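In this document, chain identifiers A, B, C and D correspond to the written order of the chains, with residue numbering beginning at 1 in each.
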Amino acid sequence: MKQLTVHWFAAYREATGVASEPVQTDAHTAAELFDEMLSKHPALSAYHRALVAINDEMADWTSPLHDGDRVLFFPPVAGG
Amino acid sequence: MKQLTVHWFAAYREATGVASEPVQTDAHTAAELFDEMLSKHPALSAYHRALVAINDEMADWTSPLHDGDRVLFFPPVAGG
Amino acid sequence: MNPFEISSRAVDLAAFRHSLADPSCGGYVVFEGWVRDHNEGRAVQRLAYEVYEPLAMKEGLAIIQEALERFDISHARAVHRAGELDLSEPAVAVGVSAAHRDAAFRACRYIIDEIKHRLPIWKKEYYADGTAEWVNCRQCATSHAEHDSAA
Amino acid sequence: MNPFEISSRAVDLAAFRHSLADPSCGGYVVFEGWVRDHNEGRAVQRLAYEVYEPLAMKEGLAIIQEALERFDISHARAVHRAGELDLSEPAVAVGVSAAHRDAAFRACRYIIDEIKHRLPIWKKEYYADGTAEWVNCRQCATSHAEHDSAA
């Protein structure tokens, strides 16, 4: 089991009701972790995956996860 | 013979030494008139023809001239 | 001057312009994104930007640096607002000065396009009818719902 | 506001911007042409614009009108200076506001390009070595001289 911190932003944060949370997981990739979160936060199922960052670097959904990672789930951005 | 007024701008005015002058001519087109002016103002020969306007409308070098026309000779423009 | 900033206060546009002035430059292009009173047919009253600053700053600085490398420009700078904004306020300002105008136009366009696509910034619009919505999120939610009902 | 002006005084950029503000607009693009301290390798100290106003006004207004017809923009405006200018002063300012940025960028570029090609305006540069020259006129004079010597 890995111990991670998951951060939710904007629409995701409103759906989950939390800005961040500690997570214990066997997920190997960011995509697996997001799918795992759907059962914990059913309201997330209204949204599909958009962008993910790991430890403040933009990442791929197939990026491997490591113990202690900070995983940031971003809904579609809308700056400007 | 047509009686016209010729106006010179910027580099042309400095070459001819006048801003405008009355001209009596048999020239049929703006181009013919400009060439005729070369003998009156030899310093103009340092420049080739650029743009011409007749009565405050941009014109072609082949535009016919009429009695009373105001013919404006413009060197290459450089606004902005 | 800081070439990229996230600011919770109004942008001082005169100071912004002054910081990009350079006697070797013949062209200056500015883009401002204003808070618009409508979006997709709905009347907008105000909006709020949520910004994840650590990554927004990193990406914003990278975008400015890319523009300086790709285009023949002298200076480039951008500011993006965070928090609540009123109608007509500049949400973002991008300024580029260059010896010639073509590079200034292209670099300014590059910077605003990249800012809109790459920065972790989210916009919540508050509508005249009392509702509110995260921009760009309605579509993904809808398509997901359609997928569910088809399943 | 007058959509096109020839002015012998400094442009009030804040008032210029304010006149183009519109809550239905999400994008605002400005181009400023600055007096540059060099041109083709020569140090420029100041310059003077000669403008034939009756035709410059007519063509300037026509260019703004063309931009309003060709691009999906809300407002457009331009000011061009006449007379003597110091280094770094804006010689020309073009502003466009629009619902979306793409049209604002393209219209602003169109207006400045047309202004530079079509308006009866001439620029005389005064160099650090005490000489002065009408810009764009050296080339035509040179090519004519070459033609003469070859004849």
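The working rule: a residue touches a chain if its C-beta (ideal position, glycine included) is under 8 Å from a C-beta of that chain, and two chains touch if they have at least 3 such contacts.
Remember, it's a predicted structure, so these values are computed and weren't measured experimentally.
Both chain B and chain C are touched by D. Note: centroid distance chain B to chain D, computed from Cα atoms, is 25 Å.
Each chain gets a centre from the mean of its Cα atoms; for chain C and chain D, those two points are 27 Å apart. Separating the centre of chain A from that of chain D, both taken as means of CA atoms, is a distance of 51 Å. Multi-chain contact residues of chain B, defined as those touching 2 or more other chains: none present. Across the assembly, chain D contributes 33, 112 as residues in contact with two or more other chains.
Touching pairs of chains, sorted by label, consist of A-C, B-D, C-D.
If you check the complex, the residues on chain C that touch chain D are 13-14, 17, 21-38, 87-88, 90, 97, 99, 101, 104-105, 108-109, 112. Note for the complex: chain D touches chain B at residues 33, 49-52, 54-56, 58-59, 80, 91-92, 112, 115-124, 134-137, 139-141, 143-145, 148.
Against chain D, the residues of chain B that register as touching in their complex are 9-11, 14, 45-48, 50-51, 53, 56, 58, 72, 74-80.
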